[in-house]
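Naming follows writing order (A, B, C, D, E and F), and every chain is counted from residue 1.
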């Protein structure tokens, strides 16, 4: 795994790193950013998207957004994403009970998804 | 799709249908239950699990649970589950803006999951 | 959906259709074959693989093979494959109870897979 | 990975551990249970479900159930589940040849699922 | 499915529609855009991303990009995406033989992915 | 992980190893083959399929085939396949910029797949 450190980064990459630090109020840049920095347009676009979708004001609170993110990451089996977003969720208030409930809902949905698919259940008229 | 209607159901199946009606305060039994009723142990176990995990008191509110459920169902492409749980979420207060934000987070997580996987990013020591 | 019918097929495609008919002891060629026949190497290779893996003598009986096939197809949400292999399994002896048990195992595994993934459970030394 | 050992467990968790030991006729509690014990309702519900679906008498024999379980776990890429259920299947009689055939069917189904999906094959009238 | 038509669209949405038309040199706005227009930030961000990633100059030619897109969409079973991007690929030069080869590679990779996963093959030192 | 080395292999397995070496013009046999050699029919069939689909003359060039293969493997999260086929692609000319673009397209498609699925977008008449 090749990490692009700040000192070796181009001005374009540094600008994104600076914005991550300002926005998150931390000096730490986590691995994902330092790895995808090898392709600066991906770094810039992905960071701007994450910043807007996970951080901008909206109807869903910040913790709920993290829970949704984890639900997807567990379903897709992305170990990095589960680890990093579980940390983010804990920083935003997720306790053990909430994590436990989240896991049960994710597991349940993965189960009932397959019951609906395997039995080829058609959507009720009233839900269309 | 074969639906087991109340009048044709065994006492065991009727008992579950009655509990669904009581719990949800509605006469309507949606297709999933009427289809899996062909195998009564699945009906009973799944309903009891859904009732406990989606409905019992806990740390996550009822709407948040539905949002998590939808996030999984979209990732797995379960049309039935997206349709029925979007209806449930709307009944619990999800408006267009919330659905729009939910979809953006689900889409974003599916994207960044693959960036982390494709670049084989290792988890930061501090997130372990 | 473009179906290549026997009368319009090249000799190469006809040879595969003939082998399907002989092997399955039926005149009926199902849609999958008639569609992928547009690319004859896919038709030939896939049929030979299906014939060998699903039909040749081995340690697993013919019905068990179909159950495994359905388990994968439900997990992947392949409607065509669920439909056609459920028919095949029924022809080989799968009754309603077996299908019901199959669906419960598939649903359960999809659930516990996510518990193991979400909780990042490491494999026990003795199972390595 | 935090493991809840018997000596540190609540009575509620111990009861499940005791039942696992009795049912499986072994002293060993594998990691999955010790990890999800952090959220006792998940432990209890999941164990009861596994016990009933994988262990109770039914139409499918015990080894066939494990094969189906492995098929799903490989498709979902759950390393823990592949490892632990392959061990269980071996204990129930799966030999190398059976594992080899299982893998070929799982691989084949994952392949043909995508042919059916990519070519957008519609289900034959007779399979509906 | 609710489609936001140009005449009913807000200035913000119209601006994106205008850019789609200019960029693609067509009057036709396909369904995806008209549906996600219900949440304008998703429309704007997604269009700008698609425009840059699928359309801007780069190392991969335009047809190769579409083939990669289809490969992902078939693996994920996204019917809409398979249909719309197959049309796009055909417009950029994909013929029947290329589509046939694409499908075979996608199917093969889905197969061998599961062989590597099921047999738990560790990466060769030289590929790390 | 049990590797079947050439010296311990049956004549049937050796024949495949010899063909891999001849075809790829290298002495190195990578792990996948040495592992699945435990079940010789899988080894033989899979190698012949890979040889034909990835190596035979056709409409898609050899590098494009590898890019498609990687796109599927990232979507499925197959670490072995990503590692081995990224190496193969590099040997065939993939540079950092191409890999970066490939990852962005794969990530984008995984994102828009879920937008189309979550919003339940129906295919435009003209793409059918």
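Some points to look at:
What we mean here is this: a residue touches a chain if its C-beta (ideal position, glycine included) is under 8 Å from a C-beta of that chain, and two chains touch if they have at least 3 such contacts.
Worth saying up front: this structure is predicted, and the values here are computed from it rather than measured.
Looking at chain A and chain F, the chains in contact with each of them are B, C, D, E. Across B-E and B-D, the chain pair carrying more C-beta contacts is B-E.
Superposition of chain A on chain C using C-alpha atoms only gives a rotation of 180 degrees, nearest 5. When every chain is reduced to the mean of its CA atoms, the largest separation from chain E belongs to D.
Rounded to whole angstrom units, the spacing between the C-alpha centres of chain E and chain F is 21. Chain geometry summary: the mean Cα position of chain B and that of chain C are 28 Å apart. Within chain B, residues 36, 41-42, 45-46, 49, 75-79, 83, 97, 101-104, 106-108, 110-113, 115, 117, 119-120 each touch two or more of the remaining chains.
Those residues of chain E that touch chain D in the shared complex are 70, 74-75, 77, 79, 82-83, 102-103, 106-108, 110-115, 117-120. By the touch criterion given at the top, residues 36, 38-39, 41-42, 45-46, 76-78 of chain F touch chain D in their complex. Chain E contributes residues 1, 28, 30-32, 35-36, 42, 46, 49-50, 53-54, 58-60, 64-65, 67-69, 71-73, 75-76, 78-81, 83-84, 86-87, 95, 97-98, 101-102, 104-106, 108-113, 115-117, 119-124, 126-128 to its touches with chain F in the complex.
Contact residues of chain E toward chain A in the complex are 41, 45, 49, 52.
The touching residues of chain E, counted against chain C in their complex, run 77, 96-97, 99-101, 103-104, 107.
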